[in-house]
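Note that chain A is present in both complexes that follow, paired respectively with chain B and with chain C.
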Partner chain A sequence: MITLIIALLVGAALFGIGLYGVLSQTNLVMIMMGVELMLGAALVNLVAFWRFLHPGAYSGQMFFLIIMVVMALEMVVGFGMALARFRAKGSVEMEEAVELKG
Partner chain B sequence: MILQTLAVAFFGLVAVWFSIVVFRTKSMVRSALALLGAMVALGLLFLALEAEFLGVLQLMMMATEMSVMAIFMVMFMMDPGGLGQMEMTHQKKLSLVAGIVGGLVAALLALLVDWGALVQAQNLDMPERQNYNLGMEIMGRSMLIFETAGVTILVSMIAGTLLAIVSRTQTTEGQE
Partner chain C sequence: MAGLSALAILAILGPLVAIGLILLLRSPRWSPYLALVGAVAGLCGALLGLWAKAGDAIPGTLVLPGLPNLPLRLIISPTTSLLSTVVAMVSFLVMLYAVGYMQEEAALPRFFAEMSLFVAAMQLLVLAGDWLLIIVGWELIALASYLLIGFWYERPGVRQAATRAFLTTRAADFGLYIGVFALVSQTQTSEIAPTLEVSGTAATVAGLGFLLAAIGKSAQIPLQGWLQDAMAGPTPVSALLHSATLVAAGPILLLRVYPVLNGSVLIIIGIVGGVTALLTGLTALAQVDLKRMLAASTSSQLGFMLLALGAGSPGAALLHLVFHAAMKSSLFLGAGIFQHKYHSTNFSEIAAKGGGRAYPPVYLCFVIAGLALAGVPPLAGFWSKDAIIAATFASAQAWLFTPLVLLGTLLTGSYVGRALRLLWPKPESISREVNANKSAVSGWMLTGLVSLTGLATTSGLLVKPIGQLVGQEIPENGLALVLGLAVALVGLLVGWFELIGSFWQRLAQGNFRLDDWLKVLLVQPVLLLARVVSRADGWLHSGVLGVGRTGLNMARRVAGFDSRLHGAVVLTGRAGLDLARLSRQTDERGIDRLIAWMVRNIRLLGGRVRELPSGLVHQELLLTAAAVILLLGLILISR
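Showing the complex of A and B:
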């Protein structure tokens, strides 16, 4: 039981740190790092649940692979946007991107 | 079992420490390397949790991903080494409160939920059997999900490339 709790607590800590990063950083790449940490927290929880609760259900590992795909896609789209923004404005600072406000 | 608990706790602490360093250092390159450290620690944590394939996958994928991230950091930043001590944060107090509350809620859920009977190590599949079963899951019941993920990756590669390349009209305007 204690191992599962430790793994879940690590996931909770990573989620909290990632959330802080997403909200506090002004640089697009740093915001993406926060998102990566939050997705990393989801990965820890998924592996812990698979290992300790349902090791026979491989849909848990499948879910892990899907989260990894989401991490890769976030990088691709994020860096694509960052490149476009950098080319247009010379910076990826989100404080300067006020024109994106609705 | 005790060794496993110790390994999970150790790699978990390393991952948390590295993820704190990500947002504490002024250097963007150090941030990317600290995130790489956190992801490597997570990969080792997965190995300690007896998910061998997922652990190795995490190590291989994150090593590449974070190296690319570090390269982009150097490309985009005027001061990637953080020598100018530029302030790169905003709404610090709100973010700190949100992060602590979010983390605490998740931690409380982990502590308060009754998880029932846990599966012991001897009832776990051997690594080669795990790989086989995951392959059968991907090629069987989850085939549609896996195929959708593949197509989504292709679409995002095309979208990412289109976003990144300079359009012909922009180039002509620039030359004029």
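Showing the complex of A and C:
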């Protein structure tokens, strides 16, 4: 029986890895994967809190599903953008994307 | 004959046209002749009217266009045409006399215009068939008499006399208005004939009103004083005023309204007339002035007429009125010649300067007229006085009226006798030097005097025709004839030998102090009232003034406040303007600069900040992470 603290530790580790990935990678796809990891950490935390503190309420599960949908949408938009970038420039390296500065 | 009787209007129109021409030409030379022509035309008109109406019982009515629904009517009956003839005749002869008398006067046009106005107004009054015209004529003769008595307005006392005459008669005119009102309000018409059928209380009130008017106009007791003052006017005026015009209006009015007068009013009229005849007879006896004596005598003779009316014999009154007109005017014309020659009407002065001895023809006329007045046959006064005495015999109040009339006749004889005696001084008492400068009497004056005296002498023959003409019975009585003659003769003797004691003279000279009573009873209250009214007026005046002044002060104060308010408003406005200017300056210098400064700085800051984002995704994510950590730190600290 894993306890709440272990779940939270797993969530924090996931978040740290995600953050690191976001900050260290320059490839757009890799950055988005870091973001996915951070969102996954948030989901782990959410589920852990629901499972150990309020197992009778459904709102935790609903919240989880909504975040899953948001993650999927984010992926769609992010990969759409990456595909468009790739077709236009032939690269998804963010070091080169200085024209994003307005 | 209606056409002919309509010509009677000439009696009014003649003098009226003369006035117009006189006033138009204003010629001192022609105005006497114009007035004479007017008088002749009037006389012709009156005579034509009389001739047309002789023996015609139905009175002719002449409707003049008057007000809408109120035509003015003239009535030409035997009585009115007879009176009109008397007025026209006497006024013509007096006018003739006046041409001579007034020769040396300056204001001839004024004099003759006023005389003509007097005659025209009297004719209007005599012929009026309408109360409106009666009132108009009545007022006009008052006006004309005022103007004529005051003709010599520059002489001392003349204006007072004119004003007194005017005010006294006007005050009594109140009675006329009461009477007319009483009659007209009963019958709803202003025509005279229907109003005379009124009876009862209204008739009594009207009768007393008319009596009051007659007392004032004819100088009866107690309003007799003005007539003697009226002597201030020229003698032709006095002659006219005393015989046919002004004073005759009283008896004429009472004759016209005789059917309305009921028994009790008649008794009062008789008593007033009798007492006047007696008292003013005594006054006449005591006068030291020829004209004033004649004036008192006029009051007395008019008293006889009222007495005759009161005794129920209008015929006798009318007869005496007609005869008296001739007698009294000739007496006045005689007196006027003495006045003209001696410049005085005082008995003693006339006597001292020669009296009747200097002018025997004039004195003769005076004697004839005087004897006629006293009632010596066969002169006019004998017949009329006899008629009056006979009327009192027949009256129900014979015990009262007969002694009065007999005493009056005695007094008439006495004052006539005394006057004749005083005017015929003893030769040794005449001062020689005055006697030397006597001049001939003017032909005009002598003609007028002799003609009138002739009328006074011969009109006794007309007693019967007059009685038939007016359809009135003239009373006759053998005993009255004898008694009247005897009393008159006794009176003449008494007067001639001056058998009257000095006590009576003194008492009578002062008008029996009646004027004083009048003063106490009437004049003083009126003056007091006037003073009170004047004082009240003063109060009112000062009150109004005070209100006005208060209003002014208030207005001034409001104006001051207003100007102060105005100043305040101006000040406020100026302050507002200053504030606006200050705010503008603050706006321009302070706020605008502040804003400009802030804008500059923010722009600068913005520029710096803009340099921060690189546009590189990982760097921006780093910034984001840093910001999140900063936020977390802040949250932890703020716990």
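Some notes on this structure:
One rule holds for everything that comes next: the second predicted complex is superposed on the first by the 99 of 102 C-alpha atoms of A that agree within 3 Å, B and C clash if a C-alpha of one lies under 4 Å from a C-alpha of the other, contacts with A are read in each partner's own complex, and residues count from 1 in each chain.
The rule is simple: contacts are C-beta pairs under 8 Å (C-beta built on N, C-alpha and C of every residue); 3 or more make two chains touch, one makes a residue touch a chain.
Keep in mind that what you see is a predicted model, and the values were worked out from it rather than measured.
Once both complexes are superposed on chain A, the partners chain B and chain C fit side by side without clashing.
Of the two partner chains placed by the overlay, only chain B lies in contact with A:L14; chain C stays clear of it.
By the touch criterion defined above, A:E36 reaches chain B but does not reach chain C. If you count the residues of chain A touched by chain B and by chain C, you find the higher number for B. In the superposed model, A:L53 makes contact with chain B only, not with chain C. Of the two partner chains, both chain B and chain C are touched by A:E95.
In the superposed pair of complexes, A:Q25 makes contact with chain B and with chain C alike. Fitting both structures onto chain A leaves chain B and chain C with a minimum C-alpha separation of 7 Å.
Taken together, the two structures place residues 19, 22-26, 95 of chain A in contact with chain B in one case and with chain C in the other.
Chain A meets chain B in the complex at residues 1-27, 29-30, 32-34, 36-37, 40-41, 43-44, 47-48, 50-56, 58-59, 61-62, 64-66, 68-69, 71-73, 75-77, 79-84, 86-87, 91-92, 95. Those residues of chain B lying in contact with chain A across their complex are 1, 4-5, 8-9, 12-13, 15-16, 19-20, 22-23, 28, 31-32, 35, 38-39, 42, 45-46, 49-51, 53-54, 57-58, 61, 65, 68-69, 72-73, 75-77, 88-92, 94-96, 98-100, 102-104, 106-107, 109-111, 115-116, 118-119, 123-125, 130, 133-134, 136-138, 141-142, 145-146, 149, 152-153, 156-157, 159-164, 166.
In the complex of the two chains, the chain C residues touching chain A come out as 613-618, 621-622, 625. Remark: chain A residues 19, 22-26, 28, 31, 94-95, 97-102 touch chain C in the complex.
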